[in-house]
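Just so it is clear, A, B and C label the chains in written order, and each chain counts residues from 1 on its own.
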Amino acid sequence: MAEVVTTSLNENQTRAECAVIALEHVSREYTGRGASVRALDDATFSIVAGEWVAITGPSGSGKSTLVNMLGCLDRPTAGTLKIDGADLAAMSPTELDRFRADKIGFIFQQFHLIPYLSALENVMLAQYFHSMTDEKEARASLERVGMGHRAQHLPSELSGGEQQRVCIARALINNPPILLADEPTGNLDQANQKIVANLLKDLHQTGHTIVMVTHDPEMAALAQRKIALSHGKVFCHPIGGPVVSLRR
Amino acid sequence: MKLTLGSIIRRSLIHRRSRSLSALTAMTVSAGVATALLTLYASLDTKLHKEFRSFGANIVVTAPANTPNLAEQVKKAAGPEALTAPFAYAVATTDRGTPVVVAGVDFPAVRAIDSTWQADAWPTAPNAALVGQKAANFIADERTLALTFAGQKQTFASAGHLRTGGDEDSRIYISQADFAGWTHASPTVVEVQIPGGAPQVEAALGRLRAQLPGLEVEPVRQLVEGESRIVDKTHALMFGAVLLIALTVGVSVLATLSASVLERRRDFALMKALGGTQLQMMALFLLETVLLASAGVATGWLLGSAAAWAISETNFHTATLPRPQVLPLVLLLNLAIAAMAALLPARALSTLEPASLLKGE
Amino acid sequence: MFLRLLYESFARQRRRKLLAGLAILLGTTAVTAMLALATTIGDRIHQELAVYGANIVVTPKADQLAVKIGGVDIKPATGGAYLKESDLAKLKTIFWANNITGISPELPIKVDLSIYGGATANDLLGIGLWFDHPLTGGTMTGAPQLHPWWKIEGSWPKGPGQLVVGRALATKYNIHVPMRAGLAIPGAQNGIDDVVIYGILDSGDDSENKVFMTLNTAQNLNGTPDAISRVDISAQTKPEDAFARQDPDTLTPAKREIWYCRPYANSIAYQIREAIPGADAQQVRKVEQSEGTVLERISGLMWLISAAALLAAGFAVSAAMATAVLERRGEIGLMRSLGASRTAIALLFYAENGLLAIVAGAIGYLAGSALAYTLGAHIFSGVSTTHALNPVLLPIVVALALIVAIAGSTPSIRAALKQDPSAILRGDA
């Protein structure tokens, strides 16, 4: 399934049909202390399988709101959001928890590893909440991110880059259709950023859909497509046209 | 290697050692206090009733003169737990010619039942007498105490004076054997002391009246009524105290547990993001709480029983043995407190917004 | 700036402060209530123990030897020695006058009672007593107060010409209240007085065979004005210890002074002997000694439970305090990184917790006092002689709250200050 990257879409297919993520007039409003704030305003776009999309925008532009909804951690107040063909609005909170475990692999800026579990156990934790634990698979996942030799270490014994790689291994473990990376290199130095970037490239090559929020133009440049947000509005997303590879 | 709910909890408890310890301490204190108070509470009535026994007899049986085997009959009817003391009375004259009441008693029995009598020395030798402090004023020679009854003169040796502040101060007490040999009269009054409260006294009254028809059996009314009232009141007071303290300890557990949840909001948020359901989160948290509560009960029961023993020993001078019966109640109480304390944070968990937490707030 | 920080902390963290405040509030409530109950339990139990009757009995020193068996006087009363009723006023002058809660003088006489249209009962034992006699401070005293187990059908005599008879007599002579009768002294020549029987007494003892009248009536009938032959006194005493049993006349003057100024039954009896000429005052050992032990046990129990409450409250408050500090480790780290000294931060936290302790402690004091008052009133009937608010407890309770709050938060403040601020801020502490 390699080399899907540069293929253009079949003109007869509508984008919405083969999209893993589809937003139609999605808005998210927060109300509190009397006033209401529209963090995301009438967003309509879709992301197809195998795509690598970068979401950019300054602080307060609605990036986090968008990511939370894409990660099934939050739901729109208006419009429809479909992930892998399923409408989030129709799901109960418990179904949503289940759905999230199935569909989304999270990569966090702050890694969020449970401090008292080893690298291996942290990966297995995702298995545990998804279905059942399988140490072999978890080890394989760690090997894949080059962390096999540190499986028994606690997060506090790992460097930032290593922690992030464990986090990626955890995101991959249940084979989710979507990898959601929120500033994956935000807390890393140059060397580690390079390692993580290469890892993501590798994952993309093998067909993973990656949605990545980033500030870093260098990272954004790795993606095939950019969705830029400003003041809650999506203003830059080439839809309909062929998906252009930005890789040089 | 497997990752289970149990191992997650175990690792989590060990990792946050100080926090787990403080939660455990809170649980131990609550279980300990509950155990101590409940143990004391359970034996309070018995202990207080025992203290009231120093007031003396709570039933008095009066018989016509020359009732055969009165003391034995009463003793049998009153039951093995009761104390009885027979009294035989006669009016004799002293060496100064003053009439005085002489009583024939069983000294050890009287001593047991009327523990507040203050005697210089209790007579043991034959023909020894215990002389009331007022009666002593009407006797010329106490060393050879000559008393005359119906023309029969008998000499006794005074063993010492008796002080009670009551009618006894005006009497002279001699042993039953000496009395019978001298006056040929048998006991007419038997003082009975029934251990326990009003129901036990009522039951004994019924038994005595049924088995000894023709005898006058009367309770010492003010004693029985007053005793029940004071015991009940102390009981109620104790109950109030137990509730109050349980409430205080409950808040302490609440504070500790809710802090433990707040501290780990991020962990819970992450688990939610990884697909952990509401139910699993709750189970994780509740199980952890139950584990702590049970451990707290185990140590708390031991400490509480020791405390109850110490309190009993200092206050009532009798030991209170640990009561395994309170264990289920303490466990239930502790679990209830823990569940209540866990409910609030658990509710907070259900409304948890993993999104904002994972962003680092 | 310090005050501003303090103010902001309270204004912003209302929920967290609430929990810590609640813990202190409940803790002080529990401790105040228990202490308030423990300090007043003595009085309350003493009131309850009044049912056992007088604990001091005063008789004429020159009295003849009583020949009583089972409460029945076998020897006919012949004159005998008397005390003076007017001397009882001197009881108010003794050192422990305020501890005397009841006085009941009596004068036994022989009477003949003739029921109009019925039988005549000769040679009955009549007793003159006080009924509702004013004691100090507006309270009343007399025989009914010293014999709480007496139950009256009808009413107590209020003046001459009014009688109460015992239940046994009433049954025997078919007496109902009110009923007219004639009263006379056996063998006396001054005729028969018209009287009305206003009450029937149930006592459960030999008093049911007696006739009761006011003390004045008995004195006039007997021709012995101002005479009384026995006084029952109920006094609040300190339980007897080894020192109390000493003979005051063998003590050194200094020790004697101490003995004299302690409310032992013995010293009160000694003072009564001093005050009333010709009187012999003795403690009723059965009542006095037993009351002493019961009182000691119950108040001991209350004090020990108060200690348990204190312990529990201490744990509650320190746990809540520790929590409040732990939750704000991030803030501590930030302050440290901004260059605040450890002392300044500790001071801020102590000031916060101290303020909380004082406010919550004061409210807890009020709540606890109210609770103790209601609990006391609910459990113990009768008028409480103490006020709901015991001002002595306020500083004690608030100081305890303060100490516990500061001691409870010290370990967590120290721990938080010891940590590397950057570690706290990174969140991996």
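Here is the rule we go by: a contact is a pair of C-beta atoms (placed from the backbone, for glycine too) under 8 Å apart; a residue touches a chain by one contact, two chains touch by 3 or more.
If you want to know which protein each chain is, UniProt gives these names: A = Putative ABC transport system ATP-binding protein; B, C = Putative ABC transport system permease protein.
Everything numeric here is computed off the predicted structure, so don't read it as measured data.
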Measuring from CA centroids, which chain ends up nearest the centre of the complete protein set? B
Using C-alpha centroids, which chain lies at the maximum separation from chain B? A
Chain pair that, of all pairs, has the most C-beta pairs in contact: B-C
At what distance in angstrom does the C-alpha mean of chain B lie from that of chain A? 69
Intercentroid distance (Cα basis), chain C paired with chain B, Å: 22
For chain A and chain C, what's the span in angstrom between their mean Cα positions? 76
Counting only residues that touch at least two other chains, what does the list for chain C look like? 427
Residues in chain B with touches to at least two other chains are numbered 266, 360
For chain A, residue numbers touching 2 or more other chains are 110, 115
Using the touch definition from the top, list the residues of chain B that touch chain C in their complex. 18-19, 22, 25-26, 29-30, 33, 36-37, 40, 44, 47-48, 51-52, 54-56, 62, 89, 91, 98-101, 114, 116-118, 134-135, 137-138, 163-167, 169-170, 189, 218-219, 221-223, 225-226, 229-230, 233-234, 236-238, 240-241, 244-245, 247-249, 251-256, 258-259, 262-263, 266, 307, 311, 314-316, 360
What part of chain B is in contact with chain A in the complex they form? 1-4, 8, 11-12, 14-16, 266-267, 270-280, 353-355, 358-360
Please give the residue numbers of chain A that touch chain B in the complex, ascending. 64, 68, 71, 73-74, 93-94, 97-98, 100-102, 106, 108-110, 112, 114-117, 120-121, 124-130, 133, 135, 170, 182
Taking the complex as given, what residues does chain C use to touch chain B? 19-20, 22-23, 26-27, 29-30, 33-34, 37, 41, 45, 48-49, 51-53, 56-57, 64-71, 74-75, 147-149, 203-205, 282-290, 293-294, 297-298, 300-302, 304-305, 308-309, 311-313, 315-317, 319-320, 322-323, 326-327, 371, 375, 378-380, 415, 427
